[in-house]
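Below you'll find the structure, written out as structure tokens, and then a few comments.
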């Protein structure tokens, strides 16, 4: 612990990142450039999110790290360990217990509170990149609010697939001003972005930070005749029976049997602990009883 | 009638080299002006200064806004100028790839300008795109194809549709028929002529093809060595040219 | 209707050593409504040149050409275009056509340009094409592929579609057969009867005798000939 400054980064770097975060909060959805530092992990492993978390954490914080909803993936575990080691903060898998949650590609199912901070890992912060490769041009488009191009992308989706096929990183407009990439969360999570907690977005390789203050207006782009839908698999969770959570589809065997389970592992576990039982879990317990008998 | 565009003393220098110098003219609503001249005479430089793509070193480009006020587009703010380029102005490039998004479908290319000014109904946008493709003689069945799958003439027609869909009042064209073979050119010209008449457009067309201006332009401006050497009614300039250079230009072209 | 005063014209051939050719000097001409004036003179005397100056196609060196109140010599291009659209018709010797436009539309166009309804304009075009014996099967085709004589008749039909208050006719009967020549002469008589001021060039003497009220020999305006 004494080998490192608190949370790995030196104080000056943290100050610089905090300034970027504050500016981001002051201009919701605006991408603030910052001088990304080398972290002891490769880009693409959440270096942006880690730097934002490092600048956000205080010794009293409790940290939760999720990767696509799960607390137990290698990536989530190693980031959690990193902060346990460099900041000595408490960690948890329970959403409600955490004061800072670093996430990759999901928003927890449980509503977040005003005393919580959600930190996103962002691979490509520029929503206009898809059609306009020039950074100079995209910056100009943001500053002049020229967002027609964003709808061109959605138009192309409908023309090609008959519906807006974009299901991840679905673009949003923040407070009626900046168009923002919400990072590759499923569009099911988009409506949750209007939340009580502070949301911070860090892109390490692209050196950008942006933010959403609490209760900020976040509108998913759409067409009048093709309105935005926060879709998910039309199925209850096979483990906990939840009908309101985002599901992962898991292939069970070569015969093509599959199962739908909450992608938010903590949500699923706490529902099961509270006695909720999904179809597969029920079948499994019946099978178990039969074997026991 | 008041002019739609008043060009006063426009000059543009590239270091020591002169792009264009002291250009003055008025363009009235519904007028089509051709700019001809040899390669390097400053035609594109002038057009780009007028369309806000280049910053002239001297002069004013006064444009009549929708509220009737004349505004200098050289000194107006960039957002205002870009708004004009999306609404009241259109720019047809010589090379379609400069004026189209090659990785977006034909319908998306036409629809972009509508969406840029706030259209948010997919069905209506698509309907309008199909209508415009029809007007430039591109079949509805090609609406979802990308321009890369189109011939040069079709790309050029698509570019025109994309530009005219928002009902601009002033169209800039830099060699719109360049690089196309003669029969394709004729078709494009005929189409342009019809659209210009129908929509009451004002247009400035840069070309080195005198047959093109004879067909499309009401007025002609002849440039040489970065200067305007002659202006006038198109058929008058072509049939009774006054300047030595224009006489040379006209006599060197058979049958215009 | 047409009032020409002290008109002169020179051609400067910059690419032939800058030689200056004076072709007309102190020309005067006045044409009233309902009047047809013939321009005469030897080949090269300047008949076409004068006519082209009235139309604004050639630039005058000095003087004035007032047509229906507009001085063509000093007018802006758009004023000349407006004059040509509304007031001043010109039947030149050659049809200059836009590729791909059907004959019927070529003839109807001058009417559409002054705001006549499409069907009314087309009816008038059909009527004129029929009178000038253009077979109906050709009406939907572009005249680019027509014979020289057919093109000339399409040109005349187009020139007479709109009832211009002033008209310029450059050899309208040249190389026409008797029947078509007769049609053209009656078209001219009808135009005069409705009050059009007409300036014409006719090599066909009988035609000139029949429709023209006066003759002006442009040779008198040739510099150095009549002082």
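Letters are used for the chains, namely A, B and C, taken in the order the chains are written, and counting of residues starts over at 1 for each.
In the analysis below, contacts are C-beta pairs under 8 Å (C-beta built on N, C-alpha and C of every residue); 3 or more make two chains touch, one makes a residue touch a chain.
All figures in this text were calculated on a predicted structure; none of them were measured in a lab.
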item	value
Greatest separation from chain B - chain, by CA centre	A
Per-chain Cα centre nearest the global Cα centre, belonging to chain	B
Geometric centre distance via CA averages, chain C-chain B, whole Å	32
Whole-Å separation of chain centres (CA-atom averages), chain A against chain C	78
Geometric centre distance via CA averages, chain B-chain A, whole Å	47
Residues on chain B engaged by chain C in the complex (per definition of touch)	1, 28, 31, 186-187, 189-190, 193, 214-215, 218-219, 232-236, 239-240, 242-244, 247-248, 251
Residues of chain C that touch chain B when the two form their complex	11-15, 52, 56-59, 77-78, 80-81, 96, 98-101
Chain A-touching residues of chain B, taken from the complex the two chains share	78-79, 82, 86, 101, 103-105, 107-108, 111-113, 115-117, 120-123, 125-126, 143-144
Contact footprint of chain B on chain A as seen in their complex	131, 140, 144, 146, 148-149, 151-152, 155-156, 158-160, 222-226
